[in-house]
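The block underneath contains the structure these notes are about, expressed in structure tokens.
Which chain is which? They are A, B, C, D, E, F, G and H, in the order written, and residues in each are numbered from 1.
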């Protein structure tokens, strides 16, 4: 969309020919290609209600710096996922105010205040300490999106009492992200306890016949408890996106 | 929970010692074993907000009739999934008011009126006519749960315009169930178009390297568009359960 | 071993040249081939402490009748596994005192009294009603071996309270056989609760990405709880053999 | 074929005993073994209309230098695929006029001018920036073969409008190479839009249940749109060979 | 597209505002949904140059009769694939002029003369007699599309001379469809012999470690000879579609 | 469980309100969360009769030192599994009395005397020298648990006499752990020889179609000999846990 | 090869221009296509030293009768594999002297005497009675080829003594065919005992994680004993062909 | 076998109580365990006619030096397989007369002259230059065993003429080892050409859907040509062992 088209659109809004919702709708389905790189975000942000996040894995340092610079010009909050320590170092040199978390491997730059959060929250549950990177990727992504998160870590089913003790808070969550490697049984048990939807995130933690996450993936797809859907192996980010779309709608309805 | 305990609980409610929400909470986590079979439903209905549904596949006719009779004594609405024509015949002989749909293979008995539905709805999208049984299993399950559904069938990506034409209604849906066999590309495209969460249901439709649904299952788990989570192959019922949990929360917030 | 060798062996025993345990040891490793068919059983019975059981699947009716006749001449208790109704009919015509159980598909003929059982027992736990044939194959095989069994059925993790209620009895079991299809999470949870060894039996119950038992098989092999070992898919019989070897040793030590 | 046989063949051509097409046909099926190493190319070039390309992966530096030297003595254009930076360095030291592209990992040496190209072209479409190495391997191989290429990168189906905008040019292409990792849905959508044949190239880009390219491979083999055939994972070079054989025939017919 | 829009389009053509190619282009991307069922074909026919073909597998007899009637009202040639003998019987009763071939399982109805064919042709090569159904599905589909086909059957590599004898005709083909089960080696050998593109069709013929076509599928994807692309297992129809798109372009260029 | 609750529990024991076994039972199912980290062990030790062992793989050095320090404050014997040489170095600097075995990769710290062992023992059998790390992980774990172990290494079935020679000792074992890579046939042969239960441990030793342990895993799951159950690939530790639970019960019965 | 060419060849032999071995060599590589169907056999018989055998599975009755008639006109011995009882009935009606064996599913017609056999023999070893059909397919195919066979059935490794007792005869065999389902361990043990080559034939006998023969296939490919090569699952016929080629050479050398 | 027993055995030979073949037979099945390490070789050499070869992969340098020293004390020829350059360096320092070949990764030490070889030979055929390490492992192992080898390299089926030119020599071979990666079609074509047995060796050469050798493995197991058996992926050594057992028997018959 060239500047001309945007001007026209805005003039139509100004003159009352179209109202805000019509304008939004048109922007939502804009040809992206006439826009500069940074405006692409606007597009996706409008369509999915998701701020832009950079998947950093396998990108070169110059590519990363370029992308972050472009985004930072146009946004108040930018996040990257799957950064190595080296990538983080290069970006921290460029953006001294950025924050990098080596566990979740997320890097965030923000000039805006975190908005005040409602009481509604997502629960992030994980089975073992080795699942922490994926669980934190999910939790911190939700926080980046402005959602409230409660964490319930190391509550694997080998000692079921640890999980049962948390039942009250889990029941209160609007959506649960259940992160588990090994055999992934946690997700079934959680889904049997809580009234809300549960998003299973299988992790590649384990050895031998875990087959890089295949075991918990199949486990969660076959969960005997109702209300489970599954995202890709180790995909904490994807689970957070999905959970945010639910929380987002609840917030919209509420307001 | 024996009758005594239930009486005590109810007396505590009567006397005001505990309020309704406390009572509900206690019932939610009741030991199930002391209850009769029918009350088990109460338990799950309370915990997950889901009415009882019977998975009929591989059950004998006497078992089915027994189960339906027990449930029908205690509920106003009962549904069974995956019924063969023979199973349906046997149950229709027993419950003349039941309705059986040979495409979705669902059988429903209901003495209650369907509740008035809000404007909020789930969209059920399917790629080809062979995906209809799974799509209808999802759609009619949602309707059994009291949710509103809009169907968008035969909108596979081989002719993308068919899908794009429906965009406006899809964007309006609170949650989308995307049912697809073959390569399952529909789910990615839908998730790229709509702002809400998308539940992918891979189907075993296809031949050769579809490998009984493995191809669309992997496809959907790897969907490049944000906001996709996946249920088991051909599991229209599971997708509907998940979708209902989202719609249910939206309704609760709204009310 | 020809008759001559057996005579010699027995004479050595009689004369005190060798004692009973030495004789047993020598019989244990006898060349089988010189014995008639029926004595083969003696061989395995001695080596593994397991009575002879016939795997009937894919055998013809004449073969089955022949095998049962031979075994019945030389034993007081004979059992067959995986019998179809047709197989059972043919054998019941031949052995009117035999008992056939259509759920476990086991057929038993016994002229001996069941020995008095000790207080020690194996627990057989199953997740859903569809796992019953495999669970009963395990339970009744143990009973055929003279072991005491307690059954805990339909205690899947979707409603964890059902399982927790049985904890006291499960803790008391010397060995637990955990039978589960779907995602097989039951086995992990059970192993987290009980102090004894747990034998996982994955079943092919489920659909789609269960992949004929692969999902619970991988699940159980990756169980996060300690003390789990696994047998082949649907192999209730094999689990019972393994459990019996443990119970047998406990009985020997005790006596 | 020794020199004598080639002389005889040429004399027959000179004397008119055989015409050019007969001579070509005989050369096409020549025993290769009597030729020196460099002439092997002549053989394949004649049979398939494809110049010689060296698959460099896993070859030692001396082997590579030897092969390139032999080919360069007998050809005007030589290309290598899958070169590491180290391999490229060694060859650039030997052939200062060579050009190495680190993204596609191709190295080219050419003393001939690129022939003038017809208006006919192949489109190379890719889903994401991570697919670039494979897409560029395809595109630059085609250019090495003397074909015209148009590139359409980063047009994944997560934002379908980006792709739809390019429809006019895609429709004009004689053949489309569709490069995609993740779930590979791009290929189905492209094949639904364009009238020509589409060659799918699954890439190993993605994580978890992508299983090193298995997900998009199965996806493309099951594409619901007509006119899709698939090459090996990450095999941009193979796709280019296939596309060139189509373009080549079109050029021959035209001329 | 409603009637009004079509009228307008045609008027613009009539008045010379747009020329035929522009009109075709617009029709090519018409919204399909406003058209009746029969015109959907027009749509795909325009986009891909492919007449409508009905995939009959898993459709009911009434569905099939309904679909064939609708298509037959609007087309001069209609074909169905994968018909059982029962399906064929039902359709032959409805369309006495239809022809059914039990080997390829194709049924064709045609009121138009087969167009005169050019000298250009596709070769269909098959390894063994068990591959015939798939090979004939490919060959007869091409003939339905108006293409010329030459068949080379039972030329598997176990006796390579049979194949070599056909070299001259194979070399002359514009495109080769290579159908093979077992290990699928035929495709590699053919691709090493001919100058044109080769489409591999793996078949599920074989036993044991053929794994329902997986062996030849992997074989063909890894073909060491250049110029091979692969379609789904047993998908003779898909190979014919792909081959037709190549032949079609050659014909267009020629004319 | 806070200190108060423990005091109360102990007072009840002191006053005779509850007896020891009741107290143990209550401690066994204590909410874990009120205890400090070290007391968690108490919990599992009580439930499963297993001392605490640290799975060190993928943990950082500070994490490891922290965990070992905490455990060492509260236990007389601590063990870690899967330590790299670097990890071992760091812990040896911290705990000079620790012992590290580079073959089994186990590190042990113990201030208590090894308890006197009964005559009962577990046999650890391995097929080849490459299986030693896994076999030793099993053997030394058992020794850490206070069990007696006999080792039978390099007795693979390629030379069956080596194994047959050990028969007498194997027959005497209460439980056999059979460790094998390659095709894993050892486990079947051993189970055919001995009267006790056999725990199969497939290892990832082998190449090509061993597929990282899949071959022996499937082998052992399908073992034709009775009395085999299987743990995860390379999971010598898990096999030892399972074997210990059997030996433990035998010891309890005996005492 | 037309009659003319055969005449010429024979005349050259007659005149002494070429000797028998040269003539044989030329016939061995004859173009097959000019010969009638029956002479094709001559071709393969010459090339591989193997009489013609018909793979009957999936062929129609008329096809089978036609093929057997053609072969019987030109050969003294004809065999078919994988015949159903129905196929056998139809052929026995046509060839009353044929013999059909329902276990191996082989049908043979022979007018020639079985040649006198040398002392050299192949051993066919099988693990269980369920492997008999495959073992007999191998054994009887060898006998059809004129080879001597010794059978060693039901010698699975669960009772290793049964196998060890046969060692002397196994050691005397020139080649061993080892047929085994379940985990296939028999093949490794046999190969450890005998000095000659061992051909492993995995069978699809077993259940669950046997995965239709995958378990013994992988087992045999990974056999730790030297001198094992493997054929396809259930392919007793292929094993016999391979064994015959070895016996054939030994016979040729001897003569 | 202790020294005493060996002495007795030898005395019996000396006195003529037993003849050489009886003595050999008894040694062949000797308990190995009473012998020192070096005599183990004698055992296997006698049983399988195979000199001792050390599989060096994953062994430490001290282990390797120890093993080679022990073997070298008792044998005239010792070989190791899969040596890294570092391993080779360490052994060359210890055994200056050893020879190391970096392509096949074999190291040989020999004080005996290579025996004169018969005219009989094995052919080693390979598809591409990347298969050389595996092909040379096979070829040089055969030479180490004293067999004659002819090499036919780079004769892949992409240019079938290269292979056909070698037909005469291939036909003359007593056994053919066919080494191929990619799709492994070479093996089928070779088996169609030659009269002797063909041993297929799939290699892990290729990329993408080669899946580390799975593609050629399945290919070869499904070879449509008769007389093919297969060894593990990349197992040139195993193929040579198998081929040697055939050549060995031929030599024994001849002598």
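Following the convention adopted for this analysis, a contact is a pair of C-beta atoms (placed from the backbone, for glycine too) under 8 Å apart; a residue touches a chain by one contact, two chains touch by 3 or more.
Worth saying up front: this structure is predicted, and the values here are computed from it rather than measured.
> Going by the stated contact rule, which chains contact chain C and chain D alike?
A, B
> How many steps does it take, at the fewest, to get from chain B to chain F if each step moves to a chain that touches the one before?
2
> Tell me which of F-H and A-B has more C-beta pairs in contact.
A-B
> List the interface residue numbers of chain B and of chain C, divide the shared ones by all numbers used, and answer same when the ratio is over half, different when under half.
Since fewer than half of the residue numbers are used by both chains, the interface counts as different.
> Which chain has its C-alpha centroid farthest away from the centroid of chain G?
A
> Counting only Cα atoms for the centres, state how far chain F is from chain G in Å.
Averaging C-alpha atoms per chain gives centres 49 Å apart.
> I'd like the Å distance between the centres of chain A and chain D, where a centre is the mean of that chain's Cα atoms.
Comparing mean C-alpha positions, chain D is 39 Å from chain A.
> Take the average of all CA coordinates in chain C, do the same for chain H, and state the distance between these two points in whole angstrom.
Taking the mean C-alpha position of each chain, the two centres sit 44 Å apart.
> Of all the residues in chain F, which ones touch at least 2 other chains?
Only 29, 47, 159, 192-193, 206, 208-210, 214, 217, 221-222, 226, 232-233 qualify.
> Which two-chain combinations qualify as touching?
Per the contact definition above, the touching pairs are A-B, A-C, A-D, A-F, B-C, B-D, B-E, C-F, C-G, D-E, D-H, E-G, E-H, F-G, F-H, G-H.
> In their shared complex, at which residues does chain E touch chain D?
It is residues 25, 28-29, 44, 47-50, 167, 171, 174, 192-197, 199, 217, 221-222, 226-233, 238-239, 241-242, 245-246, 249-250, 253-254 of chain E that touch chain D.
> Given the complex with chain A, which residues does chain C contribute to the contact?
127-128, 156-160, 164, 182-185, 188-189, 191-193, 206, 208-211, 214-216, 218-226
> Where on chain C does chain G make contact in their complex?
My answer: residues 29-33, 43-44, 47, 57-59, 202, 204, 212-214, 217, 232-235.
> Enumerate the contact residues on chain A facing chain F in the complex.
Going by the criterion above, the answer is residues 129-130, 159, 161-162, 165, 205, 207-210.
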